[in-house]
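Quick one: the structure is below, questions incoming.
First chain written, first letter: the chains are A, B, C, D, E and F, and each begins at residue 1.
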Amino acid sequence: MSSHMMSSMKKILPVLLICLTVILIGGAVPFVQDVAAEEAAAEAAAAPKADPGDTAWILASSALVMLMTLPGLALFYGGLTRQKNPLSTILHSFICLCLGSIAWVVFGYSMAFGPDVGGFIGNLDWFMLKGVGAEPHSTYGPTIPHMLFMVFQLMFAAITPALITGAIAERIRFSSMLWFLGIWSVVVYYPVAHWVWGGGWLGAMGALDFAGGTVVHVTCGMAALVACIMLGKRTGYPGTPMPPHNLPLTLLGAGLLWFGWFGFNAGSSLGANGQAVSAFVATHIAASVATVVWMLIEWAHRGKPTALGAASGTIAGLATITPVAGFVSLGPALIVGLVAGALCYFAVSILKPALGFDDSLDVVGVHGVGGLTGCLLGGLFNSKAMGSPADGFFYGGGFTLMGAQITMVLAVAAFTAIGTWIILKIIDVIIGLRVTQDEEQEGLDVSQHGEKAYHV
Amino acid sequence: MKMIEAVIKPFKLDEVKDALVEIGVQGMTVSEVKGFGRQKGSKETYRGAEYTTDFIPKVKIEVYVADNQAARVIEAITRAAKTGSVGDGKIFVSDIANVVRIRTGEMGESAL
Amino acid sequence: MSSHMMSSMKKILPVLLICLTVILIGGAVPFVQDVAAEEAAAEAAAAPKADPGDTAWILASSALVMLMTLPGLALFYGGLTRQKNPLSTILHSFICLCLGSIAWVVFGYSMAFGPDVGGFIGNLDWFMLKGVGAEPHSTYGPTIPHMLFMVFQLMFAAITPALITGAIAERIRFSSMLWFLGIWSVVVYYPVAHWVWGGGWLGAMGALDFAGGTVVHVTCGMAALVACIMLGKRTGYPGTPMPPHNLPLTLLGAGLLWFGWFGFNAGSSLGANGQAVSAFVATHIAASVATVVWMLIEWAHRGKPTALGAASGTIAGLATITPVAGFVSLGPALIVGLVAGALCYFAVSILKPALGFDDSLDVVGVHGVGGLTGCLLGGLFNSKAMGSPADGFFYGGGFTLMGAQITMVLAVAAFTAIGTWIILKIIDVIIGLRVTQDEEQEGLDVSQHGEKAYHV
Amino acid sequence: MSSHMMSSMKKILPVLLICLTVILIGGAVPFVQDVAAEEAAAEAAAAPKADPGDTAWILASSALVMLMTLPGLALFYGGLTRQKNPLSTILHSFICLCLGSIAWVVFGYSMAFGPDVGGFIGNLDWFMLKGVGAEPHSTYGPTIPHMLFMVFQLMFAAITPALITGAIAERIRFSSMLWFLGIWSVVVYYPVAHWVWGGGWLGAMGALDFAGGTVVHVTCGMAALVACIMLGKRTGYPGTPMPPHNLPLTLLGAGLLWFGWFGFNAGSSLGANGQAVSAFVATHIAASVATVVWMLIEWAHRGKPTALGAASGTIAGLATITPVAGFVSLGPALIVGLVAGALCYFAVSILKPALGFDDSLDVVGVHGVGGLTGCLLGGLFNSKAMGSPADGFFYGGGFTLMGAQITMVLAVAAFTAIGTWIILKIIDVIIGLRVTQDEEQEGLDVSQHGEKAYHV
Amino acid sequence: MKMIEAVIKPFKLDEVKDALVEIGVQGMTVSEVKGFGRQKGSKETYRGAEYTTDFIPKVKIEVYVADNQAARVIEAITRAAKTGSVGDGKIFVSDIANVVRIRTGEMGESAL
Amino acid sequence: MKMIEAVIKPFKLDEVKDALVEIGVQGMTVSEVKGFGRQKGSKETYRGAEYTTDFIPKVKIEVYVADNQAARVIEAITRAAKTGSVGDGKIFVSDIANVVRIRTGEMGESAL
């Protein structure tokens, strides 16, 4: 054993070290924390108290968004793999949630939402959540504890890398995945989140992203595209059929994602208010329409409506409505769903095979295309009457908003693509990206994790 | 003694079993198999990736019988398993040297 | 391919058209919407503001009820089928949720809860949710946005047809199911919902249905009975055993249904108030008692307590407490659970086999019998002290309430039976109800949807 | 059939009787209830009204904790068993939830939280929830209905015995399990809950248990240890490998437990306030850290990181943070996670094999060790600034709190061990604890319940 | 060479494998089957629908051995698989013409 | 006629099938089996409980062919299934007495 212990120690030592450092820093500053907390307590007395109703809804929403990653997304993806890979696929989402959460409280939140540095990134004043306490933050949810806004946003930072794993499933090396997505969060996600939501240049420019169409879906979609191309196809793709090994698991995941998405979108209004309700309705309707549309198109195109098609339509609708959920009324929500179902169907079952990249679980066609489309539709349908800061083209806003939206998606897509490419190149050189042919053959569950998903 | 192996359509299993019991067969061993042959599988589609599996779910029945019983067994299986459409399956007959009942150690036909 | 494309196009063209029309109307009226929304905003200022706490709870409740249909009910049913039918069964609930939601926001809500026409149906003033906004509606939840009441009710309208699918599983043709339940919602559900909750004659008469014992469970139970008889038995039933292919999936579904039912019942008080709490407790206790009772009776009757029996008891208890959850105290809740467990056990495992209809997943015996029983028990146990508008027999209310309850269940049962029969007859004549023998043999997953649930 | 009916009747008659009695008492007192309720209504007018926001959050939290037991824990355990035992294992949690809930509303709540008798137990004044109504209780959540506090606590009383079943899975007789855990709740759980939370001597002494590290986890851990030793090993253990039959099910359960734990911990602040938020964050972070730590240690120690290891780390982190979630700041939360992951890994994969007891699903090593560790860490890290009634050692509280914490865990562990031992001895003598060798061989699903989990 | 096929109770597999290894058998092929015979299956009930499956889970072991080894193999299996209760299973012996080891192309007994 | 039974590595199934079809084989029956032999299984760990299963997933192919075809079939399988590493599997050949096509009742080689 000692032999593999040596080797594996080598493999994970860095991770181990980073991790311990984080923890020890954690240990080092309880007192800092403490002071912070006392100040908090002090100010809290004076400062505008948080509203219990709004707090209750955002607490629930944060829990709902956590559920999206685990078990929601984990099972949605896990069911789509072949029987030899579900555990590794589930573990990808699982670990992204954990590492993403730790990094977020230590420095990520400060980088994304902390005091702005040149419109590009936040500084480290809020390192270890210093000064982030029970009192509301004037702009980040004036009626809920600042700490609550932080943890709500944490869930977004955690699910984004998890979404990417769908494109690299069934062949990436576990340790490479950890390095890739750990670094990616810092280099790509934190800056982008800052640009759009944290006081950065895109937000300042007037670009609007209600709940993450760009910050979450365009970034994960672009990263997925670059990653699956650099990683290469799964051995045998597309020749050998690779049908999902457990679709009920995938449909369960889809249901939990839909459920959690109510927290994702309706929670993004940061309170239990009218906008939360209209975001809730828009989300539900867009998902419903996209599901039906995908199913009908597939029915006409392939001859049969499928359950997996329906579930894909649901996720497409949810991803597409995300950037506008709180800004549009019923009519546009219906249209968003219609466009989402049609476009993403096209991207997944016609464009992908045509272009020939192996996006194992269709992150690009569903999240990338969906998020991008939603952001652009915002330029048409956002309406001040619904709570949008600016009117879209159809509501008399002319092309101003549309211009900002286009700038946002292009800038973010380009930045993400480049960032992802550089990170992966480096990792590829240092430790490599893929498992060996034999390990892939045997399956990642056994070869990477020494486990089998099922035993009869 | 003979080993009679039949590959049939899964939903015919119960009928075949009953037919065999009727003619006095006291035991059989069944396994799930996949068959390749003239019958073509049905098309499946997953997110636009279409394919037809060549291997179709079948059930394999193994019955060991005394030589004199073989003909009746074959007849019974053929009758019960037949639908008339492609894929009904096959019956394979071969000789076996000996049988042992583990519980009692009996050998030969009496062990069946 | 073109050949089947033609035929399938024909099959789904109508659906496609209807769907597109809906969407385009959607597209057509954003401006209407908009105005509506602005008015809303305007009034909102004046009108009584919604309470954030109540809003938070009903937002959560709406999400919970959505979870009941997908994945809750979908998996509960999906696990009970044979291995060749789970996907089709799951898809039934899934699509009912989507189509039901779209129809509801376009015209369903207006028909059920809109301005009353002769006590029978609502008019179309609220078409496309015109005028349904962030301000509370005086009678539909004075402390929550009207739009929130709408979406909460939407979830009820969506789950009711989904419940019916359990009776027709494993043999109905997918397109026939779509037509059946689409039309059924309009012809049966909207009127009944209006009669009882939307200002219709039953409500006016004093009949009480707290959270849908009649509107949801009696209607789905009767429809299920009629449908499974008209559809005929599954080939081989009852001779060939048809054991559930995946009971852990069913138990998962049962757990999610229980969880979601807290939203269904405790949410029906339309606020985070004392009644919500007592409804929560009554719901939980009735479910617990019915579970134990079903299990014990089965143990005595069959010799062994089963997990499926326990789960069936849970659903029976939940369905039975539904119409009275917010109107009864602890004692009656215990009795409701006791009666539910015993009666539904009898209906499912003695009456059904005796009568010999093939209610595949026992919608009639669990939901029909449970809902009906609960409504009648309301006539005995409802109490003003608990928040019921009228006292039941045991609380000095005499027979008045009981009379109203009996009228309600009889009228609704009869109306549902007739409506369902007519709809199915028409569909049967035009496109037929069942799949072919061979398709049934092969399984609906492959024959209707070209998918298999599991691949090894 | 009559023959087995006789025998089984005999087996369950007692259970049946007890159950009916409970129900009939229930039936007998609706009027009492009623009066109670009316008084409630009356007082309510005067008394401080409950806050809707706080009520909304605790309603949601109660539902979340219910979800932890079913399907969360049920599936977490169910997936870990061999394919012949999942249903019996799931049913254990399922029935614990139901029986625990009934006993709680009838007399359990009164014994645990009712008027104190000598610091040891509550009296029966609140039998059948007499006087427990919509108005808040001064000490049990001044801003939520007393009835809500009752049902929130009910979920804790229900999950604790369910947790124990993991140690006796795959070999205990169903009826013995019912007797064991039914009696155990009364003899062990109610007193301990009273000592710590219900006005008993430990609480009075200043011992702190925020959400149940001692009341829930130490008790179930000790009971599990005693039970699995008295019950003996599963036939073949440890020689024959007994790999989990369905890990995706277990990972689903882990995800639902994590999700539900937000209600468990953040709900324990009894309101949607700052402490709820900090408890939410501490819970999430401890879980994340413990997951990563367990995975890394296993990676170094065994050569590969596993999904089951990660899930085990999650539960360990959650159990360990439970007693301090609302009392500590970020730094300590990170440390708690670190310690939890390391200690529980050691307990499960090194200590258990060394000591050689067969704790089937590792209740002792995860919940017992975790809960105990968390309580002691509270003596170090609790801080008044975070809402703790007393400061821990590192916050200038000296050893006072630590002393109380040690007393608490020792007293409770000893009391639990003795109580559990006596109960099991008696049951062993009267009806025996284990199934027969053949039944164990065949599997409990078929032998105890006449069901199979899966049918192809 | 002989093909020895044994149908046994699943939980006996490990014991049988060990017994065979002990006497020098170097390979075997195992499959899950369902057996019909004297042994009756256990009753299952789903929502009151009771039924007993006639097919009982068994494990089938195939071992190919040189003729001179056959007797010892049969003896070993019988010993290890026996519980004495109905359902212990059967051993079927038949002759085979040839064996090929795919990896090396070796033929005959040396390929075993 | 001959019964040719091959135990191969699962991922080789498609290649073997194609090779057989190429030489004119019209049918085969496939089943999932577990194999014990020289090849060792991979290690699994569950909460620190480590173990290696001796049984490795394999696929068993049964092909019934006319005597004169046997050699070509064996050659085809050997070629297609070979990786050169331990565990490639074996081919077992034995004689069978008769074949019946259930659908038509045909007997003998014409039934293949």
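Here is the rule we use: a residue touches a chain if its C-beta (ideal position, glycine included) is under 8 Å from a C-beta of that chain, and two chains touch if they have at least 3 such contacts.
Computed from a predicted structure; not experimentally measured.
Engineer: Hop distance check: chain C to chain F, minimum number of steps through touching chains?
Structural biologist: Minimum number of steps from chain C to chain F: 2.
Engineer: Between chain A and chain B, which partner chains are common?
Structural biologist: Correct list: C, F.
Engineer: Does B-C or C-E have the larger number of C-beta pairs in contact?
Structural biologist: Between B-C and C-E, the larger count of C-beta pairs in contact belongs to C-E.
Engineer: Rounded to a whole Å, what is the gap between the Cα centroids of chain D and chain E?
Structural biologist: 46
Engineer: If you average the CA atoms of chain A and of chain C, how many Å lie between those two points?
Structural biologist: Comparing mean C-alpha positions, chain C is 33 Å from chain A.
Engineer: I'd like to verify one number: the distance from the centre of chain A to the centre of chain E, where each centre is the average of its C-alpha atoms, in whole angstrom.
Structural biologist: One centre to the other, that is 52 Å.
Engineer: Which residues does chain D have that touch at least 2 chains other than itself?
Structural biologist: 51-54, 56-57, 60, 243-244, 246, 252, 272, 302, 304, 306, 308, 450-452, 456
Engineer: Of all residues in chain B, which are in touch with two or more distinct other chains?
Structural biologist: 31-32, 44-46, 94-95
Engineer: Going by the touch rule set out above, what shape does the chain contact graph take here: line, ring, star, complete or other?
Structural biologist: Other.
Engineer: Let me know each pair of chains that touch one another.
Structural biologist: Touching chain pairs, listed by label, are A-B, A-C, A-D, A-F, B-C, B-E, B-F, C-D, C-E, D-E, D-F, E-F.
Engineer: Using the touch definition from the top, list the residues of chain B that touch chain C in their complex.
Structural biologist: 11, 14, 42-46
Engineer: Can you check the complex and tell me which residues of chain F touch chain D?
Structural biologist: 44-51, 53
Engineer: Quick one: in the complex, what on chain D touches chain F?
Structural biologist: 238, 241-244, 298, 302, 304, 306, 308-309, 312, 348-350, 352-353, 362
Engineer: Which of the residues in chain B come into contact with chain E in the complex?
Structural biologist: Contact set of chain B toward chain E: 3, 17, 26-31, 64, 94-103, 105, 111-112.
Engineer: Would you pull the chain B residues touching chain F in the complex into a rising list?
Structural biologist: Listed in rising order, the residues of chain B that touch chain F are 2, 6-8, 31-38, 54-55, 58, 60, 74, 77-78, 81-95.
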